[in-house]
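Letters are used for the chains, namely A, B, C and D, taken in the order the chains are written, and counting of residues starts over at 1 for each.
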Amino acid sequence: MSTLDTTPSTPVTPRWQTLLIRPETMTFLLLVVGIFAGSQLSPFFLDINYILKSFTLYSELAIVALILTMVIIAGEIDLSPAANMALSACLFAWAQASGIPMPVAIGIGLAAGLLMGLLNAWMVISLQLPSIIVTIGTLTLYRGLAQVIAGDKSIRVPEWFIGVDKIMILGIPLPVVLFIVLALVLAVILGGTIFGRQIYQIGTNETAARYAGIRSARIKFSLFLLIGFVASVAGIMTASRLGSVRYDLALGGELQMVLMAMLGGTYIFGGRGTILGTFLAAWLLVVVSTGMIVANVLPAVQLVVLGGLLIVAIIATNLIYSRTQR
Amino acid sequence: MGENGAGKSTFAKILAGVHRPTRGTITLNGKPVDVTSPIAAQKLGITLIHQEPISFPDLSVAENLVLGKADDGWFSRVPWAQMTREAKALMDLLGVKIDVTRPMRGLSIADQQMVEIARALASDSRLIIMDEPTAPLTPREVETLFVIARRLRDEGRTIIFISHRLEEVRALCDRVTIFRDGNKIATEAIANLSDADIIRLMIGRPFKEYMHKARAEIGAVALKVERLSVPGLFQDISFEVRKGEIVGLGGLVGAGRTDVARALFGVAPAASGTLWVDGKTVSINDPSEAIALGLAFVPEDRAVAGIFRTLSVEENITAAVPKQIAPSGFIRRAIERAMANDSVRRLSIRLASLRQPIGELSGGNQQKAILARWLLTDPSVLILDEPTRGIDIGVKAEFYDMIGELAASGRAILLISSELPELLALCDRVLVMSEGRLTADIPRAEATQESIMNAAVPRRVAFEGAAA
Amino acid sequence: MSTLRSILLRRESGIAVMIVLFCLAVGSVKPQFLTLDQLRIILLLTPLIMIGAMGQMLVIVARHVDLSIGSMLGVSAMVSGMLYRYVEVMPWWAGLPISIAVGATLGLGNGLLITLFRLPAIIVTLGTLSLYRGLTFIISNAKQIDRQYIPSELKALSQTSPIFGIPWIIFIAFGVAILTYLFAMHTRVGRQIFALGSNPVAAPLRGIKVTQVTLLVFAISGALSGLAGILYASRWGFVNPSNTGAGFEFQVIAAVVIGGASINGGVGTVLGTVLGVLLLGCVAAALPLLGIPGTSQAAIYGAVILIALVIDRSVRRQGIVGLKRAGA
Amino acid sequence: MAADPLKIVYIGKNTGNPYFDSITGGFEDACKSLGCEFEFVAPATAEATSQIPFIEAQIQRGVNVIGIAPNSPDALNQVLADAKAKGILVLTVNGDITGNEQYRDATILPVNFDIVGRDQVEMVGSLIGYEGEIAILSATTEAPDQNKWIVGMNETLKSDPKYAKMSLVATVYGDDQPEKSTTEMEALLSNFPNLKGVIAPTTVGIAAAAQVVQSRGIADKVAVTGLGLPSEMRDFVKDGTVKAFQLWSPYNEGWLAVHFAKGVIEGTIKNEVGSTFEVPNLGTITINANNSINTQAELTTFNAENIDQFDF
């Protein structure tokens, strides 16, 4: 066959260049800068044990942010997982405090998480409502229900159940280990399995994905279920770390989760992003937050920095992606 | 008038300021004018009535009439009473009964078009361009439209009426201009042209014989369709496609061909009708089910339904065969690369790297990659919807060769195309659809541009005293 | 008959009926709920939400959403509070234009980020929600502006009444609602906001300046948050960097969505929004009267938002189906 | 010992809470006079867990003393245990982790909280002539201090014949939010038209209650009292809406905390129940049961005569 196509293809950009303008590179550089700045701000900052310990405080959110990354890549968003964490944790704690055996109580918490994911999935996929508004509604509802259940009091968990963050594996707290392991697993799933591949394809072009025989509704449904479930796991982990549960557990965590995903270069309109990016961004966020806290920086400045980072991150990712798009 | 893609709509949009011309001048009432935007067009008294009316569904009819009409400052008052009064007067003038205070949402397309016409009147347009306004209308509505159009003409307004319905053009127009392949072919008083003349002028490109491969053995029935219907889109479609056979599906844009294909493939399943694949009755409710049955579908609009623009060529090619590249769920890069490489070689896709985003390829190579995607599924029935649209002439020839080869290897092919020479060159039979119905099944021997066009152009029986 | 039917079918009638039924139900248990005095209480609960809801309604009609209103409220109230505290010559009324201007500026900031970089409003305002809140802390050095610094004339707006014992602040809120009505229904740009939200693709074809209209909408949302900010100082007599305006966005969005504004843009009425606000006010006033703990309030808001979404969805689906059928 | 100045940090409930300005003032002045280093930090919001990263950071900074106004009676247990394990002196100041006392070394409270209920009942009684219906507008349902005082009020009303003609008709909770407190107050007035007095033992609640009474113009009929900040209540006292209310000196809490901490670390004060020590301006202080220390014996009552003497 003759090739008569006269339209020249664009020459491929060299690999080092594509690597340099990846958003993950930006995240990594920011992380380096953050560590440097932290060590300049306070002499107490640069201590690996302290950073690890600080990370445990954010590890539950970071774990959920990994799944959220997949949800965003698939072209949706979920703002409710932090509220989900609170409600599942409250249900779990309330169940075990009212005498239900621990395994059953944990089961109740996890089932509640799944159910909350199911409600989101049903409204977004079956009713085809925009996920962003739906999850703002469910975020209010879930946290509200947590408040109904727990009131203003905290519910204690038994002494033996406390301290998931005190379990060390090779000197690393268990929640951090879980985060790292989950990140590895999800990175493999997202980058190496057909399930992950199809998540990118749905997020890039859902119509084309359907035409290619990809069951996008099913995949999105499972992602919402997954994030609901993982949020409940994270909620119960938080309960173990704190030793008690209140309705305001992980309050405002949705901002942190979205921030981790966005800072890691996940594209808000779907189709792009990596687990590596979110992994780095989680550390970046911890470094920035703890750096400022240990330097006794006014918490107000932290709010400004976090809000500003979110906006800068989406502007930067948008620019990077629009450059590589054509 | 003109065939699909002759450039009628684009021309109309340039006149109305939606697109800018690269060169040339527009002369209006003897003066050269520059139509820079839709608003400028409106100020010049030019109104374009789009094929699918553009409206603001949540605003009232009256508001849709005046919106964008006069731009006298952001905070100037909206004169509701006057607006409603004027809108009512316009509707009365047009003789249509539409409550002008109701929102546009829920109006029939015909009524929406009436609103568009009223809008042209409201801004006192002297030149009204109607782009295929009758396509979605019932005969009675067409008649109403024509009565109004004639009255507007009698008032001294100019109307450009774009259509491919011979009868309508004959019934309404004084002169006809025929476009073909972006060129003006002829302008003539309608009385001087016979139907045959017009059809000849529309299609009259010199018939170019494409190389056609040796015909394959035509085998058993691979796909059979009976009385397939989706209310509002198409009715009672019945046909069959045999192994090794290339069946063309011709017709004008909007005839419902793509809708049939989408129904076959389970994208938008049919409301009623029966399907057989390889002699077995099947029901297909999702593309994945169609694929499992050995169907493949190269859709018409690559950007919307075909490619994953930002993903790699490799990933685009292997998108429909997850089980082959990932037998255990984990992607086997080596297999994937080998399959993609093989496809690239077989279809001679020009690219710099398999890892390159497909959006960087030329249109023809993107289309080849989509075809490659479907060939990997080893389909027994291949539906191609305008496979060569927007592709260079040289690459087209490659596609023709490939389609021939695919049939020769025993696949059944349903080829939807608006290009008559393409249908004539490739097909063993040509089915023609018009207004949602199958109007002809022409064997290769009898297929000519004229015979296809004759079946494709809708002919309305009665305009006079039309009772639907 | 048909006009009666069309009135009954309107969304506003539905909310009005809900309000009446709710009040009767509460009144049957607690008769004192059906007194004029209670009406005053309900009205006093609503002015800030009503003012915020007017801006948010316009934003939602334009197919966006503004999550930062609570923080904008906080910044504007704080700026005026700081001026009251440290600038002796500041007349009491000066806080009104200052807060409105501060709010409008912040809103314009949102609008610029959204239009310049083509970012989704929800993420931008999620970012500025945090950023503007931080700003409140920074300008105030995390110190509350106490009651004694808020001019008594300003506080009097919430307590003294020109007529019928209804405080000024309620008249201001309804005044804003009426102005919003006039703006939305009777100015060209107001209608352009609806057109833009109704069909963003068609809008530029009909000569609507999309960027400018979007900026204006966010500036209005900010300006009204600013007005709500200074009235917060009037109503509660203090400005606190962390409390003032916190959670405001959820109440406001709930009211607007209940009021029938469609998240798909183009649809929303001032009357519906006012009724949505009043319904929330009735709920808020009834809960303590019935002895229901305030902790269930958030859950009720959340449930109400979701129900409104589902209703909106089913109404819209009918509309689309109707259109298709008519077109066939 | 004198080589390194003592590093003291106080962690408030949240920033922007005017109450803590005064406590911080006490800390600052005491640290200046004793030669310690002092920092005040607080999270932006007052949810249960928001103080944890701040405590972690202070441990990392190697401070000697952590004073904290805990946002939760139990969510801080783990991290406070860590702090204690590092040899840091942990003091809860202006609020205790009731039920989890083992996680702090001592608590510094303004007065003996056992008497607050009794004093508040006496205050409202004196305002309404010891006769009629009264109600309580509290903060949150689970606030330990509030509940302790409410129990005290109930017991006083029941046991003391002096208050026999007073009846407590309702206890409601405004969650320390102005809006919520206002609606609860309005509901009280609607539900109990014969209400004579309201005790709001919380700064947000008393201001909200006073405002409702002020705007309704019913100060003669309903007496509002409770615990409030003079800076927030000054206007209400001056225009007669509130005749009198009570509080203590938050400043002294900070002042006492620093003196106590320095004494314990330098070994001059024994942190044992029953031991006593001297603090300038405050006199002799005794360590009560549960290692609880109070700055003053009685609540301070503020009224139109004395309110201008207090600037917090």
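By definition in this document, a residue touches a chain if its C-beta (ideal position, glycine included) is under 8 Å from a C-beta of that chain, and two chains touch if they have at least 3 such contacts.
Everything numeric here is computed off the predicted structure, so don't read it as measured data.
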- Item | Topological distance between subunit A and subunit B, in contact steps | 1
- If you average the CA atoms of subunit B and of subunit D, how far apart do the two points sit, in angstrom? 76
- Between subunit D and subunit A, distance of the C-alpha-averaged centres to the nearest whole Å: 39
- Using the average of all C-alpha atoms in each chain as its centre, how far is it in Å between subunit C and subunit D? 36
- Message: Averaging over Cα atoms per chain, report the distance between subunit B and subunit C in Å.
- Response: 45
- Which subunit A residues reach two or more other chains? 151-152, 298-300, 302-303
- At which residue positions does subunit D touch at least two other chains? 15, 42, 44-45, 141, 173, 175
- Item | Junction residues of subunit C, two or more chains touched | 133-134, 137, 142, 241, 293, 295
- So the complete set of touching chain pairs is A-B, A-C, A-D, B-C, C-D
- Hey, which residues of subunit D end up touching subunit C in the complex? 14-18, 21, 42, 44-46, 141, 172-175, 177-180, 182-184, 186-187, 190-191, 207, 211, 214-215, 231-235
- Message: Considering only the defined contacts, which subunit A positions touch subunit D in the complex?
- Response: 42, 44-45, 47, 50, 53-54, 57, 151-154, 156, 162-163, 165-166, 241-244, 246, 248-252, 289-290, 293-294, 296, 298-300, 302-303
- Message: If we count contacts the way the header does, which residues on subunit C are in touch with subunit A in the complex?
- Response: 65, 113, 117-120, 122-124, 126-138, 142, 241, 250, 253-254, 263, 293, 295-303, 305-306, 309-310, 313
- Given the complex, residues on subunit D that touch subunit A span 15, 39, 41-45, 47-49, 52-54, 56-57, 60-62, 72-75, 77-78, 140-143, 173, 175
- List of subunit B residues in touch with subunit C within their complex: 18, 37-39, 42, 54-59, 63, 67-68, 71-78, 80, 105-109, 111, 136, 231-232
